[in-house]
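What follows is a set of structures for review.
Here come two complexes built around subunit A, the first alongside subunit B, the second alongside subunit C.
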Partner chain A sequence: MRQSYKIAILFLIVMGVFPLFSNSAWLAVGTTFLIYSVVAFSQDIILGRAGAFQMGQAVFFGLGAYTTAILNVQFGVPIIYTFIPAIIIPLILAIILAGPVIHLRGDYLLIATIGFNIIFIQVVQNNVFELTGGPNGIFGIDVVKIFGIEFMSQTAVYYMSFILLALTLWIMRNLDASKFGRAMFYINKDDIAAQSMGINVRYYKLYAFALGSAIAGAAGSMFAIQYSAVSPEAFNVVQSIMFFTIVLVGGSASLPGVLIGTFVMFVLPEIFREFATARYLVFGLAMILTMILRPRGIWPVKFGNIPNYLKKDKK
Partner chain B sequence: MSDFLLEIKNLSKLFHGLVAIDELNMKVKKGQIYGIIGPNGAGKTTLFNCITGLYTPEKGDIIWEGKKINGTAPYKIAELGILRTFQTIRLFSQMSVAENIMSGRHIKSNQRWYNGIIHTPSMQKDEKTNWLKVGELMEFFELSDYATTPAGDLSYGLQRRIEMARALAAEPKLLILDEPAAGLNENETIKLAQTIRDIRAKGVTILMIEHDMDMVMSLCEYITVINFGAKISEGEPAFVQDDPVVIEAYIGSDEDE
Partner chain C sequence: MDIFLQQLINGLTVGSLYALVALGYTMVYGVMKLINFAHGDLVALSAFAGLTIYVQIFGEAKSSLFLVLGVFIITALLIAVVGVLLERLAYRPLRMAPRLSAVVSALGASLVIQNAIMLIWGPNMKIFPSNLFPSTIWTVHNVVFTFTQVMIMGVSAVLMIGLYIFINKTKMGTAIRATAIDQDAAKLMGINVNRVIMIIFIIGSSLGAVAGLFIGINYRGITFDMGWMYGLNAFVAAIMGGIGNIPGAMFGGILLGLFNAMISGYISSEWAQTFTFVLLIVILIFRPTGILGETIAEKV
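Let's turn to the complex of A and B:
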């Protein structure tokens, strides 16, 4: 088995037993860590794999969260029925939004996607359709109920997030070992060569956006459940910058890398909370140093994931 | 139906007024090894870029199996069976040799959109078929020892072989080679000529640009000579070789053989 899958499984085991050893405050941090990791993987599909400079991932994360919140609070839809719309709506919007800008390269796409994020925040803050609750957001989201059983404890929410991350890792593994995952790498590494091999660059970039946004939407739904509330600032450009940074600092397209990135960018600040805002100085420095010393990330991706019967390297 | 696989008719390509290809005509027969020669900057690579859809010509037609294909997107050209290598090597250099060659299997793979998320038995069978094909190509090009090595870490000669293997993985009807012998030593060049003959023996038509005259003259059955974007001579190697116009063009330029 590939080393990074072993690490992913080891990680899941550690996270699986984590609630047994933690108090309520740490359980909350752990839950958010799991959810942010899912968003980071969704960002990684678009940025790390397909190579599209998407700086607005919080939009799709937010769309998933708001879909669950609005359907549940404004329309009384039970939480479990909001999951599918919270995946489908970001997916459709991703295709509509990315369609006209997908051909832009690097910095141009980056600016366009920041634009999406700013518009998204404006729309939810101004309560445009009388649905989003304005600057305060939406409160009082129900707990998850399946067959009349309420999953309301913190531990229950933790394990739901855990399952979501495990599912995401499973999808990443399937993606890696498919024509689709490889096509994303090819267009990322050399789009002229990729086209000349018959790969439709536009299709695979849109595929990455659609899949990445659907996963981000699922994470958003879980985020709304964890806090039983949603508000605009959880999905602003600064959050998008964080997800973008997680992928580059951790290691694009690397499963351990993305997990380490999320840990470094989200959990470490929580651990050093007592140092107040001074901790962000360390972070800024850490980001700068990583890019100088390890430009491909703390744990860079390793290619060569091919079937064993082809491995005849003498070395 | 003509017996020509590819026809170029009155093709012109301009770059901001500079004529890179000038009213060019040529016809490639099925099963041929067809050579394009000419001094540096003659427009040879530009011609290949027009055929493969990377450039759109201003004038003229590119006819593939009787149908006009100018303006077709590069990925659709590949789907038609026209595959190429690049003069300046374009590999996915961080990726392994096997993964590079696998990119050629893309158009032969029949995976459905949901197979990027969920695997099915038929999808896994498709994966296996394609990887086995990659294995065969690595054997043929003597690349098996480097299966998991990043392509960018290998020598020039090996990288050129990977590019050919990658193009062949797509089972092309026409293989376009842009200076396949560039950067190779004498032994490698001799081996390359044999490889090209072997590929043709499998039924693949070959269109190649090459500066190595010994190789071109011994390998190609038909040659078109281009200078300043225009055809100055064409014919069998023996004819082209002795054509005064060709000799003039090469002496007139700073071509160093």
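Let's turn to the complex of A and C:
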């Protein structure tokens, strides 16, 4: 059994029993941690695996959240039916948006995706078609109802997020073992070499964008359920930069790395809330120091993605 | 027609500021292939530091152009020192690391400078005094332009021409261009790459400092997080012109300033950022390395 499987299972067990030992404030932090981890993994598919510099992941996170919110509040669709559109719409939009710019080299793609995020925020804030609620966002999102049973307690929302994260981990595992995951790995290592080996770089990068955005959309939907409200600040460029940083501080394409990254970038600031003013100064210093001391992230991958048949001692 | 001419003046003013800041981005990118995300925050820092220097040291004296010049020089020197320190502490240890590590370090540095400004000067908006420059206003055919605007355009033009001559005609400029083309080869030719990078940061930061002071003088209100917005616009300008290309940054800055002003004047200022990025993305789709950028294949 590979090390990352062990870590994933251990992590799921710890997170599975976490609600038994925590109060409601920490349960809320735990839920958001689960949701942010899902977004961080979706960012990792695009940035860490396919190697496309995406700095606008909050767009697709936000699209999922706003899809659920708009369908539920403006059109009265039950939450459970909004999951599918909250996944499909970010997926389609990712292909439409990323398609024309996917060929751009690294930093140009980065600034183009920042652009997507800024455009998204302006569209939402200026209340296009009177759907998005402007700068205040949308309030009063319903609770999840399945067969007349209401899942409204905090613990229920926690476990729904938990299932979403478990599903994401399962997708990541399958991705690593599939043709798509291998292609992304080669593209990330050297896209020119990958292309000359006959890998369709454009196709696989778009595939990564589509998959990553669909997962982020699902996380967004869950985020809207947790807070029963959505507002533009939750999806601005700063959030995108946070997801981008999570992956790189933790370690690209590394399962424990992304989880540690989410913990460090999201849960630690929550713990140090008392030092409100100086907190981000220390935080910035810590980002610089981490990169100097561990340029590949806190827990980098070790040969993690090399398929078994390429290793010398295959067992 | 009056609106057009008025927005032309406004656009050239903003464009000159963008160009000054964009030069800092493009020079660092040209040599180090790094987006210096902290550059915008240096611009904000300069506005705050300049304000404090003006009020503390020259507060009692009657404002004169020489005095203001002194404030500009002291602030520019100060910000240049900060820029050099930034490179030493946050970027130099990562020169051999994967490229994205340096990007994260730059984002961290941006966070540090921004929050340092907030801790030192407080989270509220600070207001520049209005008496730094004479409040002379000229009106030509209903088109208004202020002394400050003329100063911004004039000083920026002089600085940019000076930089252009420095880069193209001097020995140090040649060394900078050589380092931008190939760092290792430049090293083999006896160029001190560390010194070149230091010079780049000195020039870039002091140009940014001048822009920061002008932003404070022209718009009066300064906030600790304003560096992000100016930095982003200037960076977009640098990319539009072709990043790494010095005339490109100047051209991109002016282009973006004019475009922004025309959008604000004729369509709506609420959507200004959206139009900016739509323009950027359209430019990148058709010219993936910017308008004046060379289309070179990536080295293998």
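In the analysis below, the second predicted complex is superposed on the first by the 303 of 315 C-alpha atoms of A that agree within 3 Å, B and C clash if a C-alpha of one lies under 4 Å from a C-alpha of the other, contacts with A are read in each partner's own complex, and residues count from 1 in each chain.
Quick note on the criterion: a residue touches a chain if its C-beta (ideal position, glycine included) is under 8 Å from a C-beta of that chain, and two chains touch if they have at least 3 such contacts.
Only a predicted model underlies this, so the values are computations on that prediction, with no experimental measurement involved.
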Quiz item: What is the contact status of A:156 with respect to subunit B (first) and subunit C (second): first, second, both, or neither?
Solution: neither
Quiz item: Touch check for A:179: first (subunit B), second (subunit C), both, or neither?
Solution: first
Quiz item: Which holds for A:192: it touches subunit B only (first), subunit C only (second), both, or neither?
Solution: both
Quiz item: In the superposed arrangement, which partner chain does A:77 touch: subunit B (first), subunit C (second), both, or neither?
Solution: neither
Quiz item: Which partner does A:92 contact after superposing on A: first (subunit B), second (subunit C), both, neither?
Solution: neither
Exercise. In the overlay, answer first, second, both or neither for which of subunit B and subunit C A:29 touches.
Key: neither
Quiz item: Where does A:131 make contact in the superposed view: on subunit B (first), on subunit C (second), on both, or on neither?
Solution: neither
Quiz item: subunit A residues touched by both subunit B and subunit C?
Solution: 192
Self-check item: subunit B residues within the subunit A interface of the complex
Solution: 52-54, 73-79, 83-84, 86, 90-96, 98-99, 102-104, 106-107, 109, 111, 113, 115-119, 123, 127-128, 131, 134-135, 138, 144-150, 166-167, 170
Practice problem: Under the touch definition given earlier, write down the residues of subunit A that touch subunit C in their complex. | Solution: 53, 100-101, 103-108, 110-112, 114-116, 118-119, 122-123, 126, 192, 241, 245, 248-249, 252, 277-278, 280-281, 283-288, 290-292, 295-296
Practice problem: Name, in rising order, each residue of subunit A that touches subunit B in their complex. | Solution: 171, 174-175, 177-183, 185-186, 189-190, 192-201, 207, 211, 303-307, 309-314
Exercise. Could you pull out which subunit C residues touch subunit A in their complex?
Key: 29, 35, 89-90, 93-94, 97-105, 107-112, 114-116, 118-119, 232, 235-236, 239, 243, 270-271, 273-274, 277-278, 280-281, 284-285, 288-289, 298, 300
